[in-house]
Each structure stands twice: as C-alpha cells, then as structure tokens.
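Single-structure report; data block below.
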Amino acid sequence: MNLLTGIAFQILQSVFVVLIAPLLMGWVNICRAWLQNRSAPSILLPYYTLAKLFHKDAVIASCASPLFRLTPYILFGCMWLVAGIVPVLVTGLPFAPAADIIALVAVFSLARMFSALAALDIGTSFGGLGARREMLIGFLAEPAMLMTLFTAAFISGSTSLNTIVGSLAHRTFAIYPSLLFAGVAFLMVLLAENGRIPVDNPATHLELTMIHEAMILEYSARHLALIEWAQAIKLFVYMIIGFAMFVPWGISEVGDWAGLLFAFATLVIKLSIAGIVLALIETFFAKFRLFIAPEFLSTAFLLAVLGMLTHFLTQT
Amino acid sequence: MFVPEFTLTGSLAVVLGWLAVGLLGLLRPQSVIFKQLLFALGALGGFVLSFLSFLALSGPAESLVLPLGLPDLPFHMRLDALSAFFLLLLGMVSAGISIFSISYFCGEEPRRFAFICLHYHFFLASMALVLLADDAYLFMVAWETMALTSYFLVTLDHKLAPIRSAGFIYLLIAHLGAIAILLSFGVLHGGHGDYTFDALRNAELSAFWTTVAFLLAFFGFGAKAGMLPLHVWLPEAHPAAPSPVSALMSGIMLKTAIYGMIRLIFDLIGDVRWEWGMVVLAIGTVTTLFGVLYALMQHDLKRLLAYHSVENIGIILLGLGMSMVFLGFGYPEAGALGLIAALYHTLNHAVFKSLLFLGAGSILHSTGLRNLNDMGGLIHSMPKTAFYFLIGALAISALPPLNGFVSEWLTFQTALQAPILGNGVVRSLVPLTAAALALAGALTAMCFVKVYGVAFLGQQRKPRHESQDTFHGGDAEHYERIGMAFLTACCFVLGLFPSAILLMLNRVAVLLNGAGLAPAALKSGWLWLVPTAPAQASYSPVIFLLVIVVVVLLTFILVRHFYHGRVRVSHPWGCGFPERTTRMQDTADAFGQPIRHVFGPVYLMTRHLPVPGEPSPRYSVKIEDRHWYWLYRPIAQLTEYVSAKVGLLQQGRVSVYLLYSFVALIALLVFVQ
Amino acid sequence: MNASFSGQLVNLLAALLLLIDFAMLSQRRVLNLIKLFAWQGAVLAASTVTVAYSTGQGHLYYSAVLTILLKVFFIPWVLFRLINQLNVRWDVETLINIPATMLVGIGLVIFAFALTTPISQMAHTITRSTLGIALASVLLAFLMMIVRRKAVPQVIGFLAMENGLLFAATSATYGMPLVVELGIALDVLVGTFIFGIFFFHLREAFDSLDIHHMEKLKQD
Amino acid sequence: MEIFIVLGVPLTGSFVLALLGHRHWAPEVNALFSFGTLVAAAFLTGRVISEGPFSAGKEQFFVDPFNVFLVTLTAFVAFTTSLFSRPYMRIEAHHGRITARRLQLYHSAYQLFTFTMLLTLLTNNVGILWVAMEGATLSTVLLVSLYRTPASLEAAWKYFILCSVGLAQALFGTILLYFAAERVLGPGGNALLWTELFSVRSQLEPTVLSLAFVFLLVGYGTKVGLVPLHNWLPDAHAEGPTPVSAVLSGLLLNVALYAVVRFKVLVDGAVGTGLSGNLMMTFGIVSVVVAAFFLSRQRDIKRMFAYSSIEHMGIITFAFGMGGPVAAFAGLLHMTVHSLTKSAIFFTVGHAAQATGTQDMDKIRGLVQQSPAIGWGLALGSLAILGMPPFGIFTSEFMVLTTAMHEHWWATPFLLVALGVAFAAIFGKVQLMVFGETTAQHLPHPPSLAPVFVHIAIVLVLGLYIPPYLADWYRQAAALIG
C-alpha cells in the first residue's frame, strides 16, 4: 500500500471515531431508558449537550492555575491520539505502530493523571475526593487492563494491536480459556475505567459515591464539553479494543474498500450489541459501595493474571 | 585519538580536576563568585566526562596501570563500554546537579561551604574511580571512599540526633555491604593469580563457589542499592543530606551499586545461571512493590522520593533478573533486551530522580518546607520549578512520551519474551513480575498525583509565618533553574530518541553477553523503537508527541474559531458550604488513605482516631517499617546478648585472671604433648 | 665427693624444695610464709653450690652468692620490715580451702613429671630428674598466687616462682650465662622494690593489702 | 656503633631526667632525647638498608630488616608521643592531677621504657631479651599508677602481677630453649644468641622446643594482650596517663609480638610450621572475636580503644600465624599502621578527655564544635582503625583477609563478623562523641595535634601507595620470618 492512502485512512478513521463517539453514548442512554421503561431521549442528545456547553461562557475559579485550563485539551488530545491508533475498521495503519497496547494503556493513565491533577488544582475538598477515588480505581484498573492485553499478546506473540487483531481475526476458530478469563476481566475494567455502574454513576452528583463527576465539578462550558467528549471517545475506544481482542472478525485491510464496507457493517452491529450489553449491566447491577470497588477491580486483576497463567499452563 | 588511551586519561584528568576543586574549597572562600566558580568547574568536569565517555562508548576498551596501590597490585584502570555508559550517566547527571548547586550552596558560610565543596567533589571523584577501577583493591578503595564522603555529606547537620543516627545506619550498612563485596572478590579469586579483574575473570570455579560469589556480591551491592531488606538506611539518609547531595546519592551512587552488580555477575563471574535470575527477580519484585507502597504513606517529600528510589532499584533488578534468566536458559537476544531495559531504566531514574530531588531542594530553599502537608499552591509562587517538577513526576510515573515510560516499556517487552523459555514454571512466573511492575507503575502515578497535587496545586495551606522570613519564597534561583532545565531536557531527549540510546546500550550488551539484540531491532531507524521485530512490538515517542501536540493545538484553534475563548473568573464553587478554608484540601496522608485501607496488612501502623465528642479531635497515623522489628532489632539484640556474655570474662579479680593464664598454659601443654 | 653422690644430694635438695613449696601452699601465717621463702632460697643456693662444685661451673658460685644475698637475706628482710611497718601480720585467707589446694597441687606435680620425663631423658646433666620438680614448683607457686587473697602472699608466690625458675636453670642446664643471671637478679631486685612501694600506695588507697578491694575495674 | 647510640641516648636521657625531670622545661628535654633516638635510629636504618644485617658488641646485638624497621617505628612513635605529652602533661599539672615529683618520675621512666623496648628489639641474646622485656614492665608499672588513684593502683597492680607471672613462664620457656640449644652449641653464652640458634634451628630437639614455645607464647603473649591473657591491658590503658597508653598500645604490644615471632621462627625450623602457626592463629582469632564483642559494651573511651588494640593484635598474630610472604608482609604493615593510628587516636582521646573532663563516652559530645582538630582527628583515626579505605589498615586487612580466604577459609567468617561488630561498636560511639552539641571546654594549653595528623597522613599514604624501598624492606623482613 502506499503511504498517502495510509495517512488518509489514518486521519479519516480518527476523525470518524471522534465524531461518532457521542453517538455511542446516545445509543447506550436510549437502551438504558428502554430497559427502565423511560421514554428515550434523542440519540443525538450528547451532541446537543456538547453544542450547548461550547456556547456558554467558561467560569473559572480565581485560584486556578494554567494546568487547570490546559487539562481538557490534553484529555481530548490523548483520546484523539488513541482513536487514531486503534484498528477500528482497518488494520495496518501507518501510524498504528507508534503505540502498542502498553503505550495505549499508558496514554489512558496519562489522561487520568492530568484529570486528577486538575481536580486537585482548585483546592476544593470535592476535587481532592474525586482525584483520590479516581486514582484508587485507576491503580487497580490499569494493571488489570495490561494483564488482559498481555494474554492476548501472548496468544498472538505481539503487543501491537495490528498484529493481535490480524492473528486473532485470521486464525481458525479455537476456544482459548485464557481469553475467557481475560474477557471477563476486560469487561470489569471497562466498566470501572469509564465510570459506569456498578463502580461509578455518571448520572449523579452524590458526594458519597461520585468519582469522575467530583473531579470535573469545577469545569464548565467548553472545558467541560471537551472532557465529556473525551469520555465518550474513551468508551468507544475501549469497546474497539475489546472487539479487537475478543471478536476481531470482519476487520479489513488498508486500501481494501469493499472490505471497508463490510467492516463498517460489522462494527455497527458489534457496537449496538455492546451498547445493549452495557445498558443491561447498568440496569441489572446496583452501584457498589466505594470500598467494594477495589475488591471488584482486584478480582478483575486476578482474573487477568489467571488468564495469563492458564495460557501458559494450557500451552505446555 | 592523538593521545594513547585518550578517553581514559581524559576521564582520569577529570577525576583529578574534581579532587583539585574539592581541595580548592578548603580555602574557605568568602566571595560568592568564587564559590559559584568552584561548582561551575565541577559541572564543567561533568560535561567533559560525559563527552569523553560518549566517545569511549563507541571506541575500544582502554586500560591503564598507575604506579600506586599495593606493591604487587598497582592500580589498574579500564574504560570499556559498561564503564563508559555509567560514566556518561555520572557526567551528565552530576553536571546538572552541579549547575544547580552553583546557586544552592553559594549562600553557605565559608567553613561549611569548604566542607561541602570538599566532600561533594571527592564524592564525585570516588564514584568515577569506582567505575574506572579494574582491580579489586582500587575498586574497594574507591567504593569505601565513596561511602565515607557521602556519609560526611549526610551528617552535615550533625547537631540533629536523627541525622546522626541516619548517618550511622548508612555507613554501617554500607560497610557491611563492602565486607560482603570484598569476600565475593576473595571467592572469585579462587586462590591463584592476583586481584586484577582479568585474573578474576579467568579464574575457574565450581558451580557452588560461583553461586556463593554471586550471593555475596548480590548482598553487598544490594546493600548499597537499597534493595529489600537492606533498604532501611535509604529513607533515613537521603532526606538528611542537602538536596543536591540527595540527588547525587539517589541518582548516581545507587547506580554505582547496579554497575558493581553487573560488573561482577555478568562480567567477572561470567556464566550466569537462571536460578540466580529467579532470586534477583523475586527480590526485585518485592522491592518494587514495597518501595512504592511505603512511598505512598510518606508526607516528607524527600523521604517519599527516597522510597521511590527503592522502588526504581526494584524495577532495575527486575530487568537484570529477567536478563539473567534468559541468559541462563541460553537466549542471548532476550537476555540482552533485559539488560538493556535495566541499563536504560538506570539512566532514566538517574535523570528524573535527580530532577525531583533538585525540585524538592528548590522548594526547601524557597519555603523551608519539607512536609507536604504544609505546602500547597506552590505553582503560583514558583511556576518554573512547578513545570520542571511536573515533567519529573510524569517521567517517574512512566508516562509517554517521557523517558520513564521507555524503560518500563522495554522491561515489559522483556517479560513478554517469556514464552520462549523451556521451563514451564519459570515461563509463567516471569510475566507475574510484569504484573507487579504494572501495579507499581500505577501506584507511582497515584503517588505523584498526590505529591504534585498537594505541594504545587491547590492553595497554600499555612500562611507564611516569621520563622520563614529567612526563605525568599520566590521561584528557584537562576542556576537552580538552569540545572533543573538541563535535566528536564534530558528527560525529553531520553524519552524521544530511544532507538539511539538502544544502539549505545547494545554495545554494552555485546560486551557482556557476546550477543546483542536481534538485527531487526537495530536497523529500525531513529523514529521507531523496536526491541525484537516490528511485527511484535514498536513504539515511536516522536510521532506520539507530535500527534498529541498537533491535536491539542488543533482542538484549541477549532474551539476558538468555531466558538469563543470567553472566560469569567469567580470563586470556586463551594457546593453550598458557607465558607471554605484551605484546611479542607486533601493532605498527603488523606490522599494515601485508600491505599492504607487496601494494603493495610503491609504496613506497621499505629493510628489514633478521634472519638465522637472529643473537645479537640485529633487524627494521627504513624507508619513504620516492619524490617526494623523482624530483622534489625533481633540482630542488635543478639549482639548485645553475646557481648554481655563475653563481658563476664572481665570480672575484675586478679586471681581469676591468673587462673585464665594458668588454665591456658596447662591446656596448651596438654595439647602439645 | 663423686658425681652420683652429689646427684643424690641435689635430688634431696630438690625434694626439699618441693616440700617447702607444699608447706608454703598450706601455710596460714605470713611470717612463716616469709621464713619458708628464705629457707627455699637457702635450699636453692645449696643445690646451686653442689652443682657448681661437682661440675666445676665457676659462674654458678656467683649465682649461688647472689641467691643467698637476695633471696635468703635481703628480700625476706625487706618483707619483714614491710609487714611490720604496715602491721599486716594477720592470718592469710585463701580462696579455696587448703586440702583442696593440696590435692590440686599434687595433681600438678604428677602433670609436671609426666611432662618433663621425655625431656629429662635426653638431658646429660647429673641433675636431670630435677627438671620435673622445677616445673612442679613453678606451677605450685602459680597455684599459690591464684589462691591467695592478700598482696604479700601473692608477691611471695611470685618470688617462689622465680626460685623455681632458677632451680630449673641450674638443674637442667648448669645455669644460664652469667649476664642473664645478673639481669634476672636485677629485675627481681627492682621488682621487689616496686612491690614495696606498691604496698605503701595500696595501703594509702585501700588501707589494707587485701586484693579483693581491687576488683573495681571490670565489665559492668 | 649506631646501635649503642640508639640505646645510649634514651638511657642517658632517663638518668638526666631522673635528676631534672621536675623542671618546667623537662618536657622539651624529654622530646629532645626522643628526637636524638629517632635520628640515631634513622642512621641505623640507613646503614642496614645500605649494608644489610650486621651485629655488634660480640654478637650480643644485631640488626636485620625485621627489627630495624620496628626500631625506627618505635623511635618515631616515641618521639611523636613525647611531643604530644608536652602539652598533655602541662594540662594535667594545670588540672592538679600530678605533681612535679611525679613528672620527674614520668619523664625518667618514659626514657627508660624507650630504652628497654629498643634493647628488646636490638639484643641478639634471648636471655637479655627477657630481661629487657621484664624491664619494660617494671618501667611502665609506675607510669600506669602515676595518678595514685585507687583505680590506677589497681590497674597497675594487675598489670604488674599478670605480666610478671607471664614473663616468668617466658623465662621458663627460654630456659628450655637454652637447654635444647646447649646440646647442639655446647654450654656458654652462644647457646642463647638468636643468630646462632637460627643457624642450627633444624637440629634443635622438637619436643623440647614445642614445649618451650608454649611457655614462650603464653609468656610473651600475655604482654601482646592475647585473649585470655589480655586482662591487664584494658585497665592499664584506661587508668594510666594517655601518653603511656599510646606507647603501650602503639609500641609495647608490637615489641612483645616481635619476641613471639622471633621464637616462632626458631620453633618452625625445629618442629615445622604446623604447631606454632596453629597456636598463633587460634589465639589470633579468639582475640579478634572476643575483643570485638567487648567493644560494644565499653563506656570508658580509653578502655574501648584498648580492646580495639587487642583486636588488632589478634589480627596481626593471625597473620603471622598463617605465615607465607603475603601474610607476613600484611602482618608487618599492620603493625606499622596500627601503632601509628592507635597512638594518634590516643593523642586525640587524651585531649578530648581533658577538654570534657571525663573518659566516660556518654559525657563526651560534639568535639568538632569546640576543637575541630581533635574532633576530626578522632573521627578520621577511628575510621582508619576500623579498616576504612583509603587508610592503610584497610590495605593490610585486605591482604590478611584475602590470604585467609584461600588458605584458611574457615577463619574468614569469624574475622568478618568481628570486623562488622567492631565497626558498629566503635563507630557508633565515636560518631556521637565527635558530632552533636558540644560538652567540651577550652584547654588551658594549646594541644599539639601535629603528631596526630602526621600519623594519619602517613597511614593514608600507606593506604594508597607503599614506596618501593619500604615494600622491599617489608619483603626482606617477611622473608626472614615468613
């Protein structure tokens, strides 16, 4: 393939993901509303919210430092970077090798660190509370995530998502018990990382329970918008990574336009199913007490490690 | 080059220069200019040294024999790739620290300054000699001189009892370690030849004796490096010293221990066994987790950094351990990867840990505070320092695109080579260390969110009171800033162009293991970092950084373009509370609380919780290191017990003394018959 | 008088010496102790003279004269003066009771004999069998120093040990070269003086010569 | 000829000072005589280096590299100590601890002591050697009790009794030796000349010599301070005036050990190295270990360093016991650096004790603050004595340890444990005394600390560089005794 088409694909994909991400949010909200017998909002609601936020004037605390104002952009930037790298529709993007799974996880933790710092910047008790809880979730979720990814990496003998997807997608179907463990662990991590029930509830501002919301309490207008948008992208990307590892089928190569359509179709199907599953989970589970969360995540961590071990044990 | 042994003689000249500068300090300079000049010269030496060693890295090994030392064992010196790499580290980092010290120490009164200057530069010189030594005697001399000078620097403020005890513990453990190292040399020597490293290399030993030598060396150097359970001196001694010295100790001195380990195990002992690797891995894992978990509990900034040094030494040990395992099973490429990861992390840690210690020093200089719980909002009063410190914090938290991430990434990649191993158990154990590493990385991030958030962000917790008027309260001084800026730049360079460093380190690996990385790794070009093969793993920090920067700017412009940049400044939202005080912010201890909750059993915790209705409720928690209680105290008690028993010999009666000699005489007579 | 006779004579004197040693070991009174010491000196001198006469070793006469002057007259006289001035003419306590001391002493004698027989076989002197006795008396003196609790008896023990040594010298080797003999004598003389000075100092410091006052310097 | 000057100067000195020792300029005269001795010794050394070993006075005296190096060392340390004792004794007098009479005694006895030690070293007659050794005891016993305090009297008494009894054993050993030698060399003076004995050492009767060596070892070992014969040593060091402690530790122990080694050579010739080597190594190890454990419980500063002397004597004895060129070399080197360092330490300790008015280490604090020279002298000296590079003691310990490791590896654990314990004990205490808030007062007379730093400097240099001629010298000596 030539580089130009590659770069074109690269940019297209990243823009595509950035634009489509809020739609996924909308879809999840609709599903949840349906499941809870509420009349569903428009699927475009997230877009309206963002637009509204962008129009408002930003209110910033007098004691805020530059870091506070920079953070939203950095979050958004990190997510956009990830969006550009993960194989959404096609594999073999030219810049994909710039970051393998480890680097991806690192990007997420970079974003997390900045948001936590920003939360501490104003010096309100809420910010501190949120930052502390976020890091608590993070330090357990991140290794669990890495371990699940490692399982896949061991199976495909590589840490670059491209190769993983490729090898997993084009292999003859076989059941990997290790992948089973990894899958469960990944799901738990996904819930935690994206602040969904049962770990966090994006819909409340209850100081006893809130984590992510507490961090961004001081943000408003365009900054808030960027953060929300970054959240949406993050959820989307997590799903993509999940697909890449566990249901990689249907993904296409760079330059293969027919395959691209097929890939798009499969992606839509996967996403909608995933949205429903997420909604189901959020409906059927109750929010944990805060200190259940570490246990929840350490379970995820253990599962992931177990997955890795079973890989070796089943292999020998 | 135009002089034979150019780089070696050059490095030697730098060493002598440092000694000279140290002696010049004894003139007890009054003028600030002169004081500054001395440290500037020290920094210059650092730069020269790094330049020379950079040349030496690509050149052939050079050696030299000085007419000093023992009559039949003169001082041997050798500058090969390994020494060159560590000298590069020494030169670079010490240069940054010396620049910082130009401002930092120029306020000292002459006598104290003379003392500092002398020991500071002798410290540098002895470290360089450790790296250059090519025989056991010179090595030991330089090694102990290093310990001694640093001890004097640690006990600079010897009027404070804790500092005295810190110095005592430090020198004691250092000395015990040195004895073990000496013993290890003795075992290696195997009874013939002399004590040059060549002779030690060539001595054949049985597997048992090599293992003994390995264990002794591992113990001895581990004591210096601060691995568990010999780390106890580290969190005591590093805070005690002036910040640049802490930076030297944590940034460079610990690395000389790593150097010694590599030199003895990989070079002198030679044939590495995978069992040793497992030992190193085990201890490395424990050290890593312990270090970071205890760091999270600290509220004294320098103590916290010291515990992080323990953690990072653990990470380095992980790399070494894996390398030894792979070598032991006969996979030189993977072994080289592990070794390179370890070396890379050594370099990175040297850079960012020194940077952080210097930052702590600037804070101390500016506010006189070391306790995080008294700081806050420093980003407003010292913005530049805040920036440098942020970079350091991101680097140590192993976040891309900075340098800390690269080496941890390489370590992960090494762990991911595990499937090639034959032994099933080992194969599944090695990745577990990766899990530990991941956990440690995340915890480090949390810890530095705490540090940065509590110290620099938020609002000042305590109003400045008159006792602080001696401190200027502003941003770091000129040269302090330059020093930190230099190290910050190093963080970026090391983070952005890893493949260049990889090539450098590959030489070391080739020197030690005879085999380097896979060829694919070496011709990946400057943009891509590829440890094994492009298909397996790759990372490109430059692209990474570019994309983020571009995207951030793009977003910024777009937002401005399509919407607006209007901002209203107001009070922070108090969530409906009537008034907010700065005491409502999270303290360092509060931030660590969830960790205390999750990892409770790890800590030896004495906590006082206020009971409801207490007139003046007070909350206090004290975290202690368990090792004092299960390891050090018993040993001390045993010694006390034995000496008490021995003391009974001397019980004052001349008759009994006569009896001793009488019995001794009779016994010997019987023995002779 | 022929060699065998003088040999028997020396053996007899040696036996006397040993006897005196035991007597000193069992002696309870300081004055008698000093007297015994003088007698021991006399016996020593006698044996020296005998050896000198029978073997014609001229220098042994000097050593005999020295012995008489020092050990029979001078030192006992000094000691008498001392205990009179310090009036420490009390009974001597021992640390362990006399019979036990005796038993140990006998053990020592046997040990000394066992030790020296192989050596004395190879000696060609007429007095070889007495080497064992010499060693025995040295050890007995040592024992005496161990068991006595007062300063004066300890010193006497030390001097007795000196006697034993001289006896060994004469009996085993017909005496050391004269210069050495003189040196030894000089040392003994000076030593006695210093002991004398000491007694006074101790007396000032502890107003007694009981050495159990001197157990302060020890490991606490 | 030089020999007689070396011996004559201190002897006349002792007579002169016996008459004039109470004058206020007596200390200078004392130093002067010591200096004369040093110069003479230097000449003697020069002659030995140029001409090699020679003997004088009808074979009664003789010099070889082994003893001449000890002679130089003795003369040197005796000289520096006399320099140190000038201000020290003046301060003592100023504090009213000693009278002019006692000073007279002190000065005269000091010279006499020097004389006896030099005689011990230079004589060729093992009988005279014994006499001189006893003389050394007699001349120091009154120095130990110089203060006439009960404690000092007790110390002196124990010193006197134990050493005299010990030496009595040595005499018996000497008699046995003579007895064995007489059968080869015939009766008369020659049978006591070391050179003669050396030439016929292989013909001497093994059983007698092994028996003799036991007596000699126990006898002279008492003066070396080998455990369990050491008990006089801490007391004598702690209670005597500090210059005396310095020369006792720095010189007397060396000289006694010299005697032991001389006899070891003879016995090895007759019996083979097994016996004497093992005995000395055992004594050495026991001394090192026991002394190390004693260290940690000391409260009196001079006692502590006395035990450290026992420890180091143990190391040297062990080294000589191992034998072989390297070990003997190390032993000689260790003798040198130990006596230099230890005397330097005692100099500083003496002034420290005067400045704080106590020898109790819990009451001595913050020396660097009041008088940096004393403080740093003590700190550096202690670090040197603990075997910290780059000081010379590390050099010799390095050699001893490495030799021990592959010849008698069973010994190394003991040595290392001992070294570790000793380090913890001494350093922990010294650090507290040197650092912290000071309890020291100003001294009425300016202390002369030049000797301290000269000694430490020499030790430092020896740690980094052993001059070739010195090395050859050691090698020859090592060849003689190894």
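As written, the chain order gives the labels A, B, C and D, with residue 1 at the start of each chain.
The rule is simple: contacts are C-beta pairs under 8 Å (C-beta built on N, C-alpha and C of every residue); 3 or more make two chains touch, one makes a residue touch a chain.
Since this is a predicted model, take the numbers as computed values, not measurements.
A.B. asks: Treat chain B as missing and name each group of chains that still hangs together through touching.
C.D. replies: Ignoring chain B, the remaining chains break into A | C, D.
A.B. asks: Please find which chain has its CA centre nearest to the centre of all protein CA atoms in view.
C.D. replies: Of all chains shown, the one whose C-alpha centre lies nearest the global C-alpha mean is B.
A.B. asks: Which two chains have the most C-beta pairs in contact?
C.D. replies: Result: the chain pair A-B has the most contacts.
A.B. asks: Between chain A and chain B, tell me the centre distance in angstrom, where each centre is the average of that chain's C-alpha atoms.
C.D. replies: For chain A versus chain B, the centre distance works out to 36 Å.
A.B. asks: Roughly how many whole angstrom separate the Cα centroids of chain C and chain D?
C.D. replies: 31
A.B. asks: Could you state the distance in Å from the CA-based centre of chain A to that of chain D?
C.D. replies: Once rounded, the distance between the two centres reads 79 Å.
A.B. asks: With chain centres taken as the means of their Cα atoms, state the distance from chain B to chain C in Å.
C.D. replies: Going by mean C-alpha positions, chain B sits 71 Å from chain C.
A.B. asks: Any chance you could list the residues of chain C touching two or more other chains?
C.D. replies: In chain C, 115, 142, 145, 154, 211, 214-217, 219 touch at least two other chains.
A.B. asks: Quick check on chain A: which residues sit in contact with 2+ other chains?
C.D. replies: Answer for chain A, listing residues that touch two or more other chains: there are none.
A.B. asks: List, in ascending order, every residue of chain B touching at least 2 other chains.
C.D. replies: Those would be 647, 649-650, 654, 658, 669.
A.B. asks: Classify the inter-chain contact topology: is it line, ring, star, complete, or other?
C.D. replies: Here the contact pattern is something else, fitting no line, ring, star or complete shape.
A.B. asks: Pairs of chains that touch, anyone?
C.D. replies: Applying the touch rule to all chain pairs gives A-B, B-C, B-D, C-D.
A.B. asks: Please give the residue numbers of chain B that touch chain A in the complex, ascending.
C.D. replies: The touching residues are 376-377, 379-380, 390, 394, 397-400, 405, 409, 412-413, 416, 418-419, 424, 427-428, 431-432, 434-435, 438-439, 441-443, 445-446, 448-450, 452-454, 457-459, 528, 534-540, 543-544, 547-549, 551-552, 555-556, 559, 562-564, 566-575, 580, 582, 584-586, 590-591, 593-595, 597-598.
A.B. asks: How about chain B: which of its residues touch chain D in the complex?
C.D. replies: Contacts found on chain B: 67-71, 137, 140-145, 148, 155, 158-159, 161, 164, 167-168, 171-172, 175-176, 179, 182-183, 185-187, 189-191, 195, 639-640, 642-644, 646-647, 649-650, 654, 657-658, 660-661, 664-665, 668-669, 671-672.
A.B. asks: So in the complex, the part of chain C that touches chain B is made up of which residues?
C.D. replies: 95, 111, 114-115, 142-143, 145-149, 154, 211-212, 214-219
A.B. asks: Which residues of chain D touch chain B in the complex?
C.D. replies: Answer in residue numbers: 157-158, 161-162, 165-166, 169, 210-211, 214-215, 217-218, 222, 227-229, 231-232, 234, 275, 279, 290, 293-297, 366, 368, 383, 386, 388-390, 394-395, 398-399, 401-402, 405-406, 412, 416, 419-421, 423-424, 427-428, 431-432, 435-437, 463-466, 468, 471, 475.
A.B. asks: Sort out for me which residues of chain A touch chain B in the complex.
C.D. replies: Spelled out, the residues of chain A in touch with chain B are 54-55, 57-63, 65, 67, 73-74, 76-78, 80-81, 84, 95, 97-100, 102-103, 106-107, 109-110, 112-113, 116-117, 119-126, 128-129, 131-133, 135-136, 138-140, 142-143, 146-147, 150, 153-154, 157-160, 163, 207, 217-218, 222, 226, 291, 294, 301, 305, 308-309, 312-313, 315-316.
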